[in-house]
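Here's the structure we're looking at; comments come further down.
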Amino acid sequence: MGDDQVTDLDPETRAHLEAVATATLAGVMQKRGVRTTFLSGLAPIKPGQRMVGRARTLRFVPIREDLIETYAPRLNMQRAAIEALQSGEVLVIDARNETDAGTIGDIFAMRAIELGAVGIVTDGAVRDTPALRTMGIPVYHRASHGATYRRLHMPVDQQVPIACAGVTVVPGDVIVGDEEGVVVVPAAMVDEVAAEAAQQELEEEWGMSRVEAGESTDGAFPITPARRPEFEAWVAERQGDS
Amino acid sequence: MGDDQVTDLDPETRAHLEAVATATLAGVMQKRGVRTTFLSGLAPIKPGQRMVGRARTLRFVPIREDLIETYAPRLNMQRAAIEALQSGEVLVIDARNETDAGTIGDIFAMRAIELGAVGIVTDGAVRDTPALRTMGIPVYHRASHGATYRRLHMPVDQQVPIACAGVTVVPGDVIVGDEEGVVVVPAAMVDEVAAEAAQQELEEEWGMSRVEAGESTDGAFPITPARRPEFEAWVAERQGDS
Amino acid sequence: MGDDQVTDLDPETRAHLEAVATATLAGVMQKRGVRTTFLSGLAPIKPGQRMVGRARTLRFVPIREDLIETYAPRLNMQRAAIEALQSGEVLVIDARNETDAGTIGDIFAMRAIELGAVGIVTDGAVRDTPALRTMGIPVYHRASHGATYRRLHMPVDQQVPIACAGVTVVPGDVIVGDEEGVVVVPAAMVDEVAAEAAQQELEEEWGMSRVEAGESTDGAFPITPARRPEFEAWVAERQGDS
Amino acid sequence: MGDDQVTDLDPETRAHLEAVATATLAGVMQKRGVRTTFLSGLAPIKPGQRMVGRARTLRFVPIREDLIETYAPRLNMQRAAIEALQSGEVLVIDARNETDAGTIGDIFAMRAIELGAVGIVTDGAVRDTPALRTMGIPVYHRASHGATYRRLHMPVDQQVPIACAGVTVVPGDVIVGDEEGVVVVPAAMVDEVAAEAAQQELEEEWGMSRVEAGESTDGAFPITPARRPEFEAWVAERQGDS
Amino acid sequence: MGDDQVTDLDPETRAHLEAVATATLAGVMQKRGVRTTFLSGLAPIKPGQRMVGRARTLRFVPIREDLIETYAPRLNMQRAAIEALQSGEVLVIDARNETDAGTIGDIFAMRAIELGAVGIVTDGAVRDTPALRTMGIPVYHRASHGATYRRLHMPVDQQVPIACAGVTVVPGDVIVGDEEGVVVVPAAMVDEVAAEAAQQELEEEWGMSRVEAGESTDGAFPITPARRPEFEAWVAERQGDS
Amino acid sequence: MGDDQVTDLDPETRAHLEAVATATLAGVMQKRGVRTTFLSGLAPIKPGQRMVGRARTLRFVPIREDLIETYAPRLNMQRAAIEALQSGEVLVIDARNETDAGTIGDIFAMRAIELGAVGIVTDGAVRDTPALRTMGIPVYHRASHGATYRRLHMPVDQQVPIACAGVTVVPGDVIVGDEEGVVVVPAAMVDEVAAEAAQQELEEEWGMSRVEAGESTDGAFPITPARRPEFEAWVAERQGDS
């Protein structure tokens, strides 16, 4: 049920998003004039990560000791955001690119896994990185830090538009991650972008084959109109094969 | 009536805040354990600025071209925040410390003045700095930049807690500025902090007089218990004078 | 003759550029889709600076001691660029935003003045700032530093496209400066941009007058179609006056 | 033939460069007064990389939309630089240390491989990092980013002196990389530097053996005149062995 | 004997420190009001590092060529600090977070190993990173760089309080490292902090088990008074098991 | 007496230092191979500042709450350094370029004045900037901040070599400031450097006169051997005049 709400991606779209590179998605959106979609400077905590999900957002502001009772009590927005996670969601945290304190650790990450979350993205630091590396959830971060968020942060909002690593993330955006990093695909254009990215990767595969055959990139990538029939024949042949 | 809501500072508190240094206020709050109140790296756009008012907050996020229709149409949150300004308020803008585009210019600043605003604070850049310098409103900024906010920003929220120059600002916080910079005084403790700051400045004045008389700072600043009677006699004498 | 080449701006264009704000020029170019024209983080070395001229570019690279004989001998590219300055030109220096050494000092600046140069812009530091402040040429810089360029830099090229303070500058671009900072206007569009900026300032003047009269900015700035007749009447009246 | 031009390193020099550490090369050049040769902050994209080649340079400047037709058409300088690569060359890219867009991706890298290039070095970001890791060419970068270069950059020049990661690189410089990073060896001193580095590593090997035998570093590293006969005996013995 | 001086940790304390995460230690000290203990932005040079030892400090200042004879002769403070290392110590280097030159290389690291040192921490760069990775000593650094320290640094002091990666380190402090990074435990509170961290990890283990069993984190982590009896029963049972 | 110790500059040297530009001093030292003498990024707090004195150094490290009793009690190193100031000294503060807290305020600055100090230099922030601007002592800083040093710093040492704004300062170094910034002249070379700087300024004055007369800089600055007789004649004539 919760699933229905969030893992509501069209199956073909989902298949595309699980197959294409984040670079391809960023490139396709650039061509449509959407220039700021790739999160800047975030790294996966372990090799081989791959992630597709809907954004659930969490916003931190700087700690102000007079407000701790208001914003960082036991039942605070960090906990609320995590408890609200639904199957297929990615928790995306705005920590103002500030890396001198953690923003999430292993137990909260485990709770996210239990609730069906499929990824965690923070533009700050994570705690318990060694433990997180052993857990079954992709995590993207700017750094690792042993302090808890209370050293610098207060959780203040969830499910509002946030800035994460220089990119605006709106609840419900589709978040895709691979070894290169993380890209945001706006919900309203996800089907088109995913389809176009799949087609783009086909073109790049052909372009790569031409270059591996010793051709210049000129004509082969991007494909010029003169070469397009060749590409189309190659596609047709592949489809015949399968 | 709008006035009643916002220019509701106790007259004695207001008098103190108009007289004391931002450094004194920051120091008094530090002693109470509230460590992060002074906005980092912001400068007044002209000499002699002094400002006391209530915070009205505006939050920008990074531009994302697919969301411009949603967040940056003609009647957007920047305009809404400015139109909502009430007498005695300071507009405080969260621009993620990003200085490569303006966040406000001269016409919107004039509208703020017309509505009774008493200051503008941004952790990004302002546009039209030369014109702003001729206008009757204190402005604090990190830099000047000629581009409009649409180069980098979208206004997304007003009257929510924001981060401005590394400090959390909540709507209704008291914002005080002088030539040193800008400090946030939490609404809930403003009367106490203002009174304590006034007393602190009295102590510093006495301490300064002792140092100018050739004494060491030790004992004179901060005042040790042994020297306190002297200080109190000095205060009494001054009050007798006046 | 040299003059003819460089101070070849259309007189009306020049008049516009000397009157409008750099912010207006940046805004007009943004509307045309040219987003990166305002030099980031550069400040005038004294109040009241105003500058219009053609770009002559100079490019520094990091010092490499084995190449000093090649790139930084007595008759080097810095000297060459300055000796090549023609009347109406602005020397624009790419110093990779590196501020820990000067890029030009007072004697070379005087030579630039003698040759008719109308401005100096560097994204690094200048030396001899106190002396430069007394001289009759606008200077924009990121910082001041007492070391000569040889501490960090070698002059390597002149009159090539450069990056200056985050903006590409091509020889012959029109460089405009005021107290806000410096903007680059591409040579190919300077007449149109200047005219449009003059018109834009007229609209802003009307908008400002409306706001000063107590109106909301909505409708007055930017001018909505419904209000345009009013604006045009105001323009007509002003022209009648003069 | 192209090979003759670029893979023209003296075989003994090449053998030395393939064997010594980049740290040794940087240290040897420091002793000769050439202080800025090691590229700052660049990392290999995979473990075990090792690279020796001649520099072919490519220079990017910031995107300026009015110049895209001029500098970033289909047959632009990026493509030209890559097509011009000759056997034994390393492509070295000046991206102003700006990491918020890629500067090269997998298909162009494959073309570089096909043309005999032996490495790619950028002080910006690369795209398609996961694919690049599977390809047979060493790549050094500051970060990964999914956007194409058109988000921030225009290719403007090739085979000119550039700044890459804080170091000046001139076409034809010898570029050496290992797991520590990348160092530039000026063409004019490569034979001497390579020979001296090989000798230095011999001295360090002896010094290490002395330290492993329980001696202090004093005398053993660097070798003092008093200890040099011992070192020479050790060298003689080794040569006798082989 | 040297050992007696420095590897003087209480055996139970040592056992705790060898078992707990640096994040747990940082968190425990935060609760005690000691907020700045985790070194910011330092990474292990290889996976699986784990380190416990006493701090021996070394302080670098910027190179000043007139002082090289004074501060960086053959028998300088770097060498002195390393020769003074005793069994169980960690060498902690203050390099002002400056990464454009090495601060230690493989031969000095080997000497440290021979003297019984158990770790090396620098907030600058290390040289010879590939060799260091093969050696039996944990190393934490901000970056790798091929230049020797003389490019930027002079060793000036040892065994004084230093700033390393934003944290004050006093000689004799206990330095603990794992894959997350490095934390400083003040000597005066090490027994208490270690014991509390061990207890904290027990609580976190129980909390994790509750979350893995499908519970919310609320109540389970941190443990609320209502749940504490359950936790204590779980502890008792475990102890019965063993 | 105290004076004798510190205001012990040779009168001619002092006269030179009071007359020449900091840029000239930095340039003269560069020629002698001393490259890092100009403090990076510090600004005077008011126009017209000029300063010559001997360095007294003060070193801060990051706050660590467990050490406050040790390092920041009432009679701490900040107070000790200030009380130790002697006539003719400049207080030079190492605050690790950290600007989010003050390092000195108005009362301590007044005490410094009373003790004969002739300047204050910090690479962090000052508090009470508006008051400091009214006082008779030159102050150089990176920024202003209202918080006291206890927000971030502990004073830990005085009269040790420090790093200030990227430059090593040793107690007793001669510190010279003007509107450009601050330069350190090593005590051991101050007489020579001052004399050479005075001569250099004479040469620059002649060079400037040549350029103002319409000559190229080539030959006039720096003076080539061929032009030296002319320069010398000009000097002789001037001396005849006076």
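Points worth noting:
Here the chain labels run A, B, C, D, E and F in written order, and each chain numbers its own residues starting at 1.
Just so it is clear, contacts are C-beta pairs under 8 Å (C-beta built on N, C-alpha and C of every residue); 3 or more make two chains touch, one makes a residue touch a chain.
Being a predicted model, the structure only gives us computed values, none of them experimental.
The chain pair from B-F, E-F or A-B that repeats the B-C interface, sharing more than half of its contact pairs by residue number, is B-F.
Fitting chain D to chain E on Cα positions gives a rotation angle of 120°, stated in steps of 5.
In a homomeric contact, the two copies may use the same or different surfaces; for chain C and chain F, under half of the interface residue numbers are shared, pointing to different surfaces. Look at where the CA atoms of chain A average out and do the same for chain C: the two points lie 40 Å apart.
Remark: chain A and chain D have CA centroids separated by 33 Å (rounded to whole angstrom). Chain C and chain D, compared by their mean Cα positions, are separated by 37 Å.
The set of chain B residues that touch two or more partner chains comprises 35, 37, 166.
Inter-chain contacts occur between A-B, A-D, A-E, B-C, B-F, C-D, C-F, D-E, E-F.
Those residues of chain C whose C-beta lies close enough to touch chain B in the complex are 21-27, 30, 35, 37-38, 40-41, 166, 178-181, 183, 204, 207-208, 211-212, 214, 216-218, 220-222, 224. On the chain D side of its complex with chain A, the touching residues are 74-75, 79, 82-83, 99-100, 102, 105-108, 110-111, 114, 127-131, 133, 143-148, 150-151. By the touch criterion given at the top, residues 33-37, 61-67, 71, 96, 154, 156-157, 160-163, 166-168, 170, 184, 186, 188-189 of chain B touch chain A in their complex.
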